[in-house]
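Right after this note come the structures.
What follows is chain A paired twice: with chain B in the first complex and chain C in the second.
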Partner chain A sequence: MAVTDRPTRTAGALAAMARAVVPVLSVVLAIIAIWYGASVMMNRAWTLDQIQRQNLEMTPSQIIADAMTQERPVLPPPHQVAAEIWNTTVGEPVMRERRGQMQGNPRNLIFHAYHTLWPTILGFMIGTGLGILLAIGIVHSRAMDLSVMPWAIASQTIPILAIAPIIVVVVANLPVLNTAVDQGWISDDTKLLVPKALISAYLSFFPVVVGMVAGLRSPNAMDLDLMRTYSASRAQMLWKLRLPASVPFLFTSLKVSIAAALVGTIVAELPTGARFGLGARLLTGSYYGQTIQIWSALFMAAICAAALVMILGALEKIVLRRMGVRP
Partner chain B sequence: MTQTAVAATTEASAPVIAAQNLDLTFQTNDGPVHALKDVNLTIGKGEFVSFIGPSGCGKTTLLRVIAALEHPTSGTITVNGITPDQARQNRAYGYVFQAAGLYPWRSIEKNIALPLEIMGFDRAEQEKRVKNVLQLVDLDGFGKKFPWQLSGGMQQRASIARALAFDADILLMDEPFGALDEIVRDHLNEQLLQLWARTQKTICFVTHSIPEAVYLSTKIVVMSPRPGRITDIIESDLPRQRPLDIRDTPQFLAIAHRVREGLRAGHAYED
Partner chain C sequence: MRSMNMPSWGLPALGAVLIVLAATSDMRLALILAVWFGAWALNAALATRRAGAGLRLIVPLIFGVTLLVLWEMAVQLYQISFVILPAPSAIWARLITETATLWADFQQTILKGALAGYVMGCGAAFVIALAVDRSPFLQRGLLPVGNFIAALPIVGTAPIFVMWFGFGWQSKSAVVVAMVFFPMLVNCVQGLKASDAMQRDLMRTYAASYGQTLLKLRLPTALPFIFNGLKICTTLALIGAIVAEFFGSPTVGMGFRIKIEMGRLAMDMVWAEIAVAAMAGSLFFGIVALIERQLTFWHPAQRRG
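And then the complex of A and B:
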């Protein structure tokens, strides 16, 4: 029976996939169509202006074509952004030779993505660790429960753009870091990475705290009573009950937190004169009115965020399967 | 403390559980709730004691007091001659809850090993004991499964195995089969009796079901609510060997009748 069952099951799975793909594709196509429409509408003004100034004759289709091929469009159409991304990733070497040394190539978007991703991951790890520790403290100590949570919430209401420069200045003048650079332990570039990672951690610890407090408190009264009948210590309750029970909550928070970490890094690059990174790319784009460059950097950031969330999703699947969650 | 413990074990007829004038009042938002009033009870070694009564009669609370999960407002209770808290430290209790309460992220054998890990048994000993109790509850070969892969009855058997794993001499069971259907329940009742005969444990068993209480017990404690108190204690004269059809004998029906009368009396007091 299982043998005869299989082909219909495969066919069923394919049909299910097709059912999922069709709506997703339609949404994507609709977005692209709206994007093109909006792009023509918004870029047309400049073309019409040029026609008037230079007394040109243009048919409507020529106007549309011009609106989609401008060098500095108000809203670049999808194909221009795609071409820019292609040219600045595949079309440019990641490394280039300069003054006899191989260096990262600032014309390459992957190089910028790397400079953003690295502090993002570092900040995410710091934020996650801090978040878990705070949550453990909050769950175990009433004093921490009452005192830490309001501060954690308050910390997230401060605009990060306002405190990013402060953090950069403070960190740049930390004697420890300066000594490390002087001694040659870390390079100047690595030193620039530290404030970015800290700002990223600042944004990413909060979802972890909130999620983990809920997760660590998720065991029900019976689960806890069971531990009490064994006279388990608080540490044993934490390791054998609270932490395993909080894992699904943790992964949900991590997905929010990694996105926040990426935003944190990019924002940290904006007011601090960073030379490399997606934030720096956004900033130079806006200085010189390079809208296509801005959009391609934005897309790169979105791709990075999607990739990070997907990696976490895959990790979640593996971990939860090993923890015996019903497939 | 050790002296009393020694005295208790040397004295052959010493009770395993002895409660005198036990009172427990919960302070709730709706005012005080008198959960236990003037409870006097003695349970000897190897007895199978059922606590029966309507909801709110304090039977679960009494079990929790014995397990040191609740503490009485007044009165005294000793377990093996020492306080419940000390008895718990001495690993006196295996507790089986109404739901199996297996941790879903642990396989069956890991669930059973949980108390062993907490109590610091070494790995080889853990494996030996897990294998042993799995056999005892007839779950051989299911150790690697996760809880959701087992039926409700099998999960409850696994939770009994977990309570047995560290050789507690008192098994406290709070409506362990309450959520199971009658056929599975009959089967588990039979198995529980066999287990009791083999392990010689003292069992305290909370239930809603009169046939279950009469079928299993050597002593039936009938309780009634508001305030929770004991209305009758029935010593069963049924033989220790009990096939399922013992439930049709006049002897069985007579005891069941007395339990029912006791329950009704408790209610008449209330109305």
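And then the complex of A and C:
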């Protein structure tokens, strides 16, 4: 039975996949088509202007071709952005020799992505740790629930970019860090990384707090009563019931919070005069009008975000399966 | 309920021990700890009483005031450099003396940039959601793509929009539109699907038209989702408007002011701008939450039992 069943099941799976993929693909194709249309419309002005100034003769198809190959287009068409990403990742060495030392190559986009990803992950870990601790406190102490929760919500209404420069100045002037650098415990690069990580931690802790509070409170009265009949202490209740019950909630909020952490790092790079990182790349692109560079940095950020979220999604699947949750 | 392996006198005792320990080495630290544990004990005592509307206001208020007092004490006692952290009193002084500048910045950034973009972005998302809702094919395609885009760092489009729409508030609104559109769209589409099949069947047996079903059943059931989107978007709108000003702005605006005053190391002014931004954000969020409570009084999350 199972053997004869298999082909139809694969066919069913294929049909289901087609059902899921075809609409997504067509939406993506539509977006790309709109993008091409918009880029021709927006870049054409410059081409037409050039024609008038230099008294050139151009057929409409030549105009379209020119609109798609400009050096500084208003809106670069997708293939130019793709080519730029390809050239700055595969086409450039990641490391290059400078002053006798092998150093990261600032022309390489992967190098910039690395400088953004590292603080993102560090900040994400700090934020997640703090968020989980805060959620445990909130669930166990009514005083904390009443006094901290409103301020945690209020803290997210502060636009982070406003505090980013302050955090950078404060961290740069912290005596502890300066001695650490002087003593050679950490390098100067690591010191530059700290403010970025703190800002991304600030953004990423909130989703974790909200998700974990909901998760830790998710065991119902029956489960809690059962634990009480076992005469479990509150610590045992936390370890054996509340924490396991909160894992699905945790992963949902982790996926939100890592995306937020990446936004935090990129935003943190803007006002801080960072030389490396995707945010710095955006900023230099905007200063010099290099639109293609801006778009490629933007897409690299999107790729990073997607990769991070997908890694967490895979982790979620593995962990939940190990814990016996059936999909 | 049994406490977590700690008797009721545990926290005060721990506090007392810490204060005494600190007092032997550093009186200032002991003072700060004393204020902290005093306020915390007061809050803990208040929290055990039965919850009323007043308690929900007083306890967080005490906590907030305590934080401010501790901040002021730390700055005064340890002589923290003005550049690292100005005292709340200094920030307050700036708020009073520079009200005109702050108000002008507030108008430029929040009232023009953020609010206009918020209304346009959320409005457009809602209209598109209504259109998408009629086609299951578009729904299946747009929801994953929308969810994906909502997770992207869209703030990064700020330099592009400043290039396109100039330095005025229009470019800030454009950034805000781009930031709020997809989170709002996803929430609206999900909300419109929230009514269950039984309810829709009932509407059909009443021979209700599409418009009637939408107005009387599906929009009301979508409201919690729509308001969730609206609340998320309030913060996004503020962030977008302020970030965009870093890439170019007229000589007024909160992001512009923060950038300029940072360069002059006038940290009290920067903090004053942040205070205004935080208050504006909380107010914005609060207003949306208030409207939500008025409109979705029937929802379990809003009911007080």
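Keep this in mind: the second predicted complex is superposed on the first by the 327 of 327 C-alpha atoms of A that agree within 3 Å, B and C clash if a C-alpha of one lies under 4 Å from a C-alpha of the other, contacts with A are read in each partner's own complex, and residues count from 1 in each chain.
Just so it is clear, a residue touches a chain if its C-beta (ideal position, glycine included) is under 8 Å from a C-beta of that chain, and two chains touch if they have at least 3 such contacts.
For clarity, every value in this text was computed on a predicted model and none was experimentally measured.
With both complexes brought onto chain A, simultaneous placement of chain B and chain C is permitted, the two fitting side by side without a clash.
Look at A:71: by the touch rule set out above, it reaches neither chain B nor chain C.
In the superposition on chain A, the chain among chain B and chain C reaching more residues of chain A is C.
In the superposed pair of complexes, A:309 makes contact with chain C only, with no contact to chain B. In the superposition on chain A, contact is made by A:240 with chain B only, not with chain C.
The superposed model places chain B and chain C at 70 degrees from each other around the C-alpha centre of chain A, with the value given to the nearest 10. Touch criterion met: A:283 reaches chain C, while chain B stays clear of it. Once chain A of one complex is fitted onto chain A of the other, the partner contacts of A:301 are limited to chain C, with no touch recorded for chain B. Once the two complexes are laid over each other on the shared chain, residue contacts for A:142 go to chain C alone; chain B is not touched. In the superposed model, A:189 makes contact with neither chain B nor chain C. Within the superposed three-chain model, A:323 lies in touch with chain B and out of touch with chain C [touch as defined at top]. Measuring only between alpha carbons, the smallest separation of chain B from chain C in this overlay is 8 Å.
The contact sets of chain A with chain B and with chain C never meet. Across the complex, chain B meets chain A through its residues 67, 69, 88-89, 91, 93-95, 97-99, 101, 103-107, 114-115, 117-119, 146-148. Those residues of chain C lying in contact with chain A across their complex are 1-5, 40, 43-44, 46-48, 55-56, 59-60, 62-64, 67, 81, 83-85, 137-142, 144-145, 148, 151-153, 155-157, 159-160, 162-164, 234-235, 238-239, 242-243, 246-247, 254-255, 258-259, 262, 265, 267, 270-271, 273-274, 277-278, 281-282, 284-285.
Those residues of chain A lying in contact with chain C across their complex are 19-20, 22-28, 31, 74, 140-143, 145-151, 153-154, 156-163, 165-166, 169-170, 173-174, 233-235, 238, 255-256, 259, 262-263, 266-267, 270-271, 278-279, 282-283, 285-286, 289, 291, 294-295, 297-298, 301-302, 305-306, 309. Residues of chain A that touch chain B in their complex: 222-223, 225-232, 236, 240-241, 244-245, 247, 323-326.
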